[in-house]
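Questions regarding the structure given below will be posed in turn.
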């Protein structure tokens, strides 16, 4: 079971990874977008960490609601509303639960990706963060379904996200700013997929000992 | 004695030298001015050559009047009115004469520099074209006074102008755009003094065989 | 990176404070990050709210004022504004007649305005949105995010603003805004890249003899790289791309827009080429703008926007406007 | 060199043709190289003629129109106009009340305007000249060519233009122009050099972390090279130089002017710093301009100009003006 504290640590760890990788994310975005993804997410996750510090959340769901709200309010760009909506949907899925089981976490992750897909209208193969989220959620689910431990499932999710990220290199973008490039978008990793890997890697890290 | 044709060739030769040295003149102006002296003079002397070709002048004085008018009309900058006025004063000094003696040429050169000094209000030592003109006219005069031939006198004038040019390196500008630099104008040749050398070198060339 | 700034993170806050100090006709809500007319909402008038990433000045804050916008929401440099600030601006300018959101077609802008519209709707404010998508450099297909919104935004804001000022209702103002957008097309060319203050290095690279054809206003790559060409050829490339997409005829409104780092003298050189191409194709320039109206930081280059006018659009274009960026008739 | 041009030698001719095509309110005399108001001279009004090297647009051609100039004489890029064109413009705008020449203090401009004034005098046209010399970056001593004329030219043209429009006579208009010049000071800073089209390479060089303090509008070197500093420090340096030369107090008109390659967002960052410095020194900004008003091709940087207003000057500043570069009140 994951407690509120673990969710809090997830966000702090994500913010740390985003900070450490901000330049890389921005460079990826420079290649096929407008060179601000790292800057946007750094601003967004710093705001999320600050919001959690200022008004500590009582439940895992409340953590995610605060994070979603902060991301929407502070990130801007395409990624802000998308990640923010993802966290809000995940939060709703968790409801008032004080502790979260691996099944509940799986449902929350599925809710997140559903929210993102609904808002952005992107399908798998469109070369967006959805290409990292979708296999990650599937890998998590099948690990849990196969009786795997939570730590195993989150690691599988992060690994699958990484696979999804790699798969975006070959793809031509059909959503977001990179789609303006048409065929010239091929040959580059999608920045949003890259940040999704960080998010899930952070989750694997904070749940590694559970 | 110098005929109209020689005066015409003087201007053509000057235009050629200005063209060949335009980049150097512009670089000198870049250091202490606004990087256009070669461009200005090229435009001016091309216009002078064209004007002479379109409407051939009948006397040496008419050649210089046409040149003065063309320089004033087409050069712009500080150098246009200054050189133009110099040529016009020289023209007036020559009057209607069909041929010009070394004495008459000496008077014309003296008139040119007087016209330039009057318009620009620059004295020797102000780091302007006057620093090349003044010793050149003096050298011409003393060569002629000493019984030297015309060819000798024009060569002496060109050499003295070159000496004057070199003397400008050490000077601090007190007139023209370079004066805005104050002490920072020291250490560079004055572009107008450099173009004056070309003008007098051209005169020496076309009078070498007289 | 050479910029007249204090610190990369302070650029927007400092610039907004500068706008506040410079323009008594505007109220700059520094904390909430939006700009309104100083007088508050005009009773009974439809409110016009636009916004987008900063770095395109005078767009959008410079177009707040009589005859144009009621509010502008500047995002971080090249980053769409967030729903909160758009929501706050929308509520602030609503005078009961509803609010039109003028949104450039970028996923980020569209999503953030959409969220803001939902928040405003919860407050009972009627919101219509028009999405500007005039850039012919990118394909408009159901398989992409569609065309980008660029220069036509200035036309939409001016003409819809004039209609709103005359008392047109929300549906009419929105329909006019969409009409202007549909009748407008743009094409941009970059000679140099630009540098986001927070990034510190150029967003893309161009060789000394290269230009980017079809560049986006955030420095997004365009249709192709090409060898730098004379202004006349560049104008022809742009106009042919526009003409291929929307055949030009009759009276047009033309904007030759500088991207921030291009001197006005060059824009006039381009304008000459544009005027000659159009008159050679039987098209009449009835109105024009030459200058920096929608920029991309210090990018060198220009964009050309053409709007096929109708008598109604011409009349609304001519109506008085009084903003820091566009002013005539008062 | 990356420029939107056709050929270096055609820049001015092409740009003038572009100005002619863009502005029906202007008549561009393409062969004689001067720009007048389309309507011809205003009977009984003192004519205002300015001019100078091109590359500073909108100065001067962009300031021809109601309430400002009657004619502008553009020289080649960064080169003063020649007497012929100034003479032709002077004759063209004389409506019997005489003509004021507004000349920036550079030897070339002064000499060429002086020759033109003599030619006009021969034609019986009364000419007065005012020489603008507001740049505090260079020493004003009898041992130099004196101060350079920069940003104050915009103020002189606007205020003298308003007085002429109201029917003031030549002596009065000239006296006002001199008063504005005497009450104005400027200081400029360059972050990058600019390139003359005909030269093909930058007129000077600056390291990646350097700026030129006190730069001239033709890229002339200034007081000193310094390490690039925050906008606030740059504004302080400029204002202290101005204040040391002409103590500031009371109401002022301030211009934060972009040199051509600086985005507007940065000018607002500078304006904030300027406003704070002035209010910290008890000086009130009564009027301001923020934008590109007197440029140096694509140079990045800005200049700050301050004019100590009087009630009369303020009123004349506020008077209607209708030019491509400055417009309000009609």
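Per-chain numbering from 1; labels A, B, C and D assigned in written order.
Throughout what follows, a contact is a pair of C-beta atoms (placed from the backbone, for glycine too) under 8 Å apart; a residue touches a chain by one contact, two chains touch by 3 or more.
If you want to know which protein each chain is, UniProt gives these names: A, B = Dihydroxyacetone kinase subunit L; C, D = phosphoenolpyruvate--glycerone phosphotransferase.
Bear in mind the structure is a predicted one, so any value in this text is a computation, not a measurement.
Common partners of chain A and chain D, by the touch rule above, are C.
Taking the mean Cα position of each chain as its centre, A sits at the greatest distance from chain D. Chain B and chain D have Cα centroids separated by 32 Å.
Centroids built from CA atoms put chain C at 55 Å from chain B. Taking each chain's centre as the average of its CA atoms, chain C and chain D sit 29 Å apart.
Contact with two or more other chains is made by residues 77 of chain C.
With chains as nodes and touching pairs as edges, the resulting graph is an open line.
Per the contact rule defined earlier, chains pair up in contact as A-C, B-D, C-D. Interface residues of chain B facing chain D in the complex, by the touch rule stated above, are 26, 30, 32-36, 39-40, 43, 72-82, 119-120, 173-177, 179-182, 184. Here chain C touches chain D in the complex through residues 2-7, 11, 14-19, 21-22, 54-55, 57-58, 62, 77, 191-192, 208, 211, 228, 230-232, 234, 260-273, 275, 285, 288, 290, 292, 295, 297-298, 300-302, 322, 324, 327-330, going by the rule given at the top.
Remark: chain C residues 53, 75-84, 106-108, 111-112, 114-115, 137-139, 143-145, 148, 196, 198-199, 203-204, 216, 218-221 touch chain A in the complex.
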